Amino acid sequence: MDEIRIISKPLSDTTKTVLIGFPGSGLVGSIALQYMVDQLEFPQIGSVTSKYFPPLAMMTRGIINIPVRFYEKNNLAVVVGDIPIHPMICYEVASGLLDWFSQFKPKEVLTIAGIVTNEPEKRVFGVATNPEALQRIQDKTMILPIGSISGIAGSILTECKIRDIWGLGLLGETVNNPDPRSSAATIQVLNKMYDLKLDVGPLVEQAEEIEAAMQRIAEEVQTTEAGQKKEQLPMYG
Amino acid sequence: MDEIRIISKPLSDTTKTVLIGFPGSGLVGSIALQYMVDQLEFPQIGSVTSKYFPPLAMMTRGIINIPVRFYEKNNLAVVVGDIPIHPMICYEVASGLLDWFSQFKPKEVLTIAGIVTNEPEKRVFGVATNPEALQRIQDKTMILPIGSISGIAGSILTECKIRDIWGLGLLGETVNNPDPRSSAATIQVLNKMYDLKLDVGPLVEQAEEIEAAMQRIAEEVQTTEAGQKKEQLPMYG
Amino acid sequence: MDEIRIISKPLSDTTKTVLIGFPGSGLVGSIALQYMVDQLEFPQIGSVTSKYFPPLAMMTRGIINIPVRFYEKNNLAVVVGDIPIHPMICYEVASGLLDWFSQFKPKEVLTIAGIVTNEPEKRVFGVATNPEALQRIQDKTMILPIGSISGIAGSILTECKIRDIWGLGLLGETVNNPDPRSSAATIQVLNKMYDLKLDVGPLVEQAEEIEAAMQRIAEEVQTTEAGQKKEQLPMYG
Amino acid sequence: MDEIRIISKPLSDTTKTVLIGFPGSGLVGSIALQYMVDQLEFPQIGSVTSKYFPPLAMMTRGIINIPVRFYEKNNLAVVVGDIPIHPMICYEVASGLLDWFSQFKPKEVLTIAGIVTNEPEKRVFGVATNPEALQRIQDKTMILPIGSISGIAGSILTECKIRDIWGLGLLGETVNNPDPRSSAATIQVLNKMYDLKLDVGPLVEQAEEIEAAMQRIAEEVQTTEAGQKKEQLPMYG
Amino acid sequence: MDEIRIISKPLSDTTKTVLIGFPGSGLVGSIALQYMVDQLEFPQIGSVTSKYFPPLAMMTRGIINIPVRFYEKNNLAVVVGDIPIHPMICYEVASGLLDWFSQFKPKEVLTIAGIVTNEPEKRVFGVATNPEALQRIQDKTMILPIGSISGIAGSILTECKIRDIWGLGLLGETVNNPDPRSSAATIQVLNKMYDLKLDVGPLVEQAEEIEAAMQRIAEEVQTTEAGQKKEQLPMYG
């Protein structure tokens, strides 16, 4: 807990599922889960900071938000990140998160990420840490014969497997821009798995607006990581 | 307290507000608060050093000053920095400062920074860590619908939010040069918030002179960080 | 055990030989030992993770695998890695592995690697940490008059020599692409040493398919190490 | 004392002044104080090493010298460095030195450095950590209205100010080559302050010879820091 | 002993001299002492490893050797390195070695290095940590009026001086290629100092062969340090 700092309420006894989404390709995971917690009004229960995170605070209508947040409702815990996790710290972040969640004996941890293909479809590919877990999504996703998952999603699944926690991965087919349509596709899988009845219509409509904002953030994170010192705020006024 | 070293008198029991300004875009925050403590004759109560700071000592009329200083007067504590905080250490500096100030149970921490826009105006944008705090500045600043704050200001607001301390941010519209005019605009907001009655006229007049000196310092810090070994002193004699 | 994390069942009392293969030139060692454990149905007994490993999870038919794995059967322990070990951490990985295996008093540790020559042959060169050990392979491999071994194989042999554990190295002549044919040549040596009766026919047949997949993984690892943030999955569907 | 290693006899009870000179611009400080300890035959009382120093041993007539040395005589302690202190370690070196000297309750610490101007004169500029200290040199040096001091001299003055030890700085106007003439000018100030009656004639005469040698050393230090592995010795034989 | 790991038998009570040679310019030191221990059949008594060493194992006729080795015979202890010591770790290696040898109260430590000159001669230059030590070699070497020694030889001599152990340096005039002829010149000095009666004829004859192999190793170390992952073995078969 030295590498990352988790300040959160404990999970309720009945919460046995953790959903995790960080911004990767297409920002698929973070867009999907932020949309879910907003639409279903999940209350925020905690925050994560780290000396390894870029110095960045998100802001909406003047209110600051912490870049990595915990939410909980209806026996589902959700982790949403606004900042991409640098490969150098994926291990620390993944093991730090799993260390914290392990104390609540979760049954399954599901992470959402994007996979870049050069095809126009928005398929969702499924991976799991063991055959039983894979059955949970086998009929709802496409299974790949062979491949690899890099970044924070790969680290989370590795930490799940090491701890004998069921790890699931939903990988939305995407391109290298913010891609709410791919996020919507992954939400359709969540709807089937957790009976969320979440309407993705607004998400698709908001696509353009969200894309524009998230893109600016991604650019800013990069310049911040590049070690430049500037305070900058996108303008809408 | 390993990363940064704070040597200071404790705050008085009645001081519940901390103002923080470091040199970011336009040096808005550091110019504004240095001007304020000079004009209102705030006594210095402490200093901050860190192995992560560039080796640099400021000098005025032959007297050396420590690059990051604490001042206190009239129930206001002020932190002024002469050196930009590198993104790699924003977390350490922000959490170190908040750790120290937390012991005095501050009611609000306000940080001043600059935001670069390509518009000639000198508006001041307001952000806060919660709606109640935002109300403090809602009628005195412009509120942005969405965006992000990077650098030390972002880290300070994040640390405030995590600690449930009211965090406020004043972001002066600026360009990428020392910008006392933007600093003056943020002081006008401070005047309303804290009834300082601080005349910004001299600040605007001093603009040219201050700009020239601060610019040289900024350049020197950069060359120092670039790892060059030289002792250099701007000449006025 | 801080640098690398080993989660494994203990070795059986009768297991006195450890075979180690990581992806180096031609991926000779990892292809050979992965093929061996698959064909001879070695059960996996453990996993290795490290904050120094790139964030990467391998996947086969939707099931995630940990990049460095322990297997054991018939008095043979096997370590297979899917990820190249960066020179900066070879010492940590090699000493961490030997620290762990030393508790089971192994008689010999054999590592398989590739050596790039500009010759079409697929000879296998033998090295050992002492003359007695060398005799084990003298008649089954070619002995070089002088030279050096770099990378994880070099570190493993060094750690063996320091601990007075017999260290053996099989270096398959290879090129700079995945090279199952060279792996097959090293397996022929293992067949003689450990009476494995392992048919390399399928390996040679699978060559093309395996080459393609491993190559993609190697490329991905490199881009991951290059510090890029993307989630990507090769497509076969 | 982990960052730097000080091996020295304690200061005598009557020594309350410490003079410090490291090679900066013009090598002003190191040339001046090396000349002083040589001419006034100060015995060496200690040495400083650090894992952060470049691996370099100075040599005179076949005898090796440690790159950073302590001398003491007539109630004056002197620190002379042969190696420039990299900005990354100025904090460690300055705080390590002040930690050690603090135990002897010094009254004042004076550091000599060079300042690059584009003027032919050899003026000496004075800075101090407080007005009382400044009076010590006000009539013997030029006082600058505003500016900054970077590098080890800036760090030393910062550490003095934090510890409430009188810190003084003599900044000899110089160019970017070894500059014994500027060193001579700073010695003239020391003569007045400490009644040394030190003749700078020989220093000026030796200028050419010293310049040549120091220049070669500076070059070598740079190549060493550049991470090159070579053993090289300037030739005079 | 955290930085470097020494696994060795203790020195015999009568051994009061330590000879040290690492590969620097011309590989003068390592060639000279490896030749000496081979010709005089010094038994190896220990090994040194470090996480800071490049991952590399030397091999002769199929037998692996540890890159840094201790030998002892006839009251002489010898340290021979096959790998250049990077400037960043010279301090750790030198202080680690001296810490270990200090427990045996050595009378003198002699290090052999090369110095690059642009002259065809093969002179040997002598340096020492004090005048008494210098007398040991004054009539057998050339003494330089002024200069400096960088790299591991400089660090070793510095550590000797700090510990009040006699430190001696033999610097063989060389070029930037493996240079057994310069090594031979330094051995002639050792012959006089320690009455070794060591014939350097074979060394000169072997020059070409040794040069070729050492050169390949040096190149490989560099590529290894460059962070490339490859297993490569020079071919002679």
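Order of writing sets the chain letters: A, B, C, D and E. Residues in each chain are counted from 1.
Simple rule for what comes next: a residue touches a chain if its C-beta (ideal position, glycine included) is under 8 Å from a C-beta of that chain, and two chains touch if they have at least 3 such contacts.
Everything numeric here is computed off the predicted structure, so don't read it as measured data.
*Asks:* In the touch network of chains, how many steps separate chain B from chain C on the shortest route?
*Replies:* 2
*Asks:* Quick check on the contact graph: shortest path length from chain C to chain E, in steps?
*Replies:* Minimal hop count between chain C and chain E: 1.
*Asks:* Could you tell me which chains make contact with chain B and chain E both?
*Replies:* Per touch definition, common to chain B and chain E: D.
*Asks:* Express in whole angstrom the distance between the two chain centres, defined as the mean CA positions of chain A and chain E.
*Replies:* Computed from C-alpha means, the inter-chain centre distance equals 55 Å.
*Asks:* Find the geometric centre of each of chain A and chain B from their Cα atoms only, then give the gap between the two centres in Å, rounded to an integer.
*Replies:* 34
*Asks:* Between chain A and chain C, what's the gap in Å when you average each chain's C-alpha atoms?
*Replies:* So the centre of chain A lies 34 Å away from the centre of chain C.
*Asks:* Can you trace the ring for me, chain A first, then chain C, and on through the rest?
*Replies:* Listed round the ring from chain A, with chain C adjacent next, the chains are A, C, E, D, B.
*Asks:* Can you list the residues on chain D that touch chain B in the complex?
*Replies:* Residues 24-25, 84-88, 90-92, 94, 113-117, 119, 123, 125-131, 134, 138, 142-155, 157-159, 161-162, 167, 169, 171, 176.
*Asks:* Spell out the part of chain A that touches chain B in their complex, as residue ranges.
*Replies:* Listed in rising order, the residues are 5, 7, 47, 49-51, 53-67, 213, 216-217, 220-221, 223-225, 227-237.
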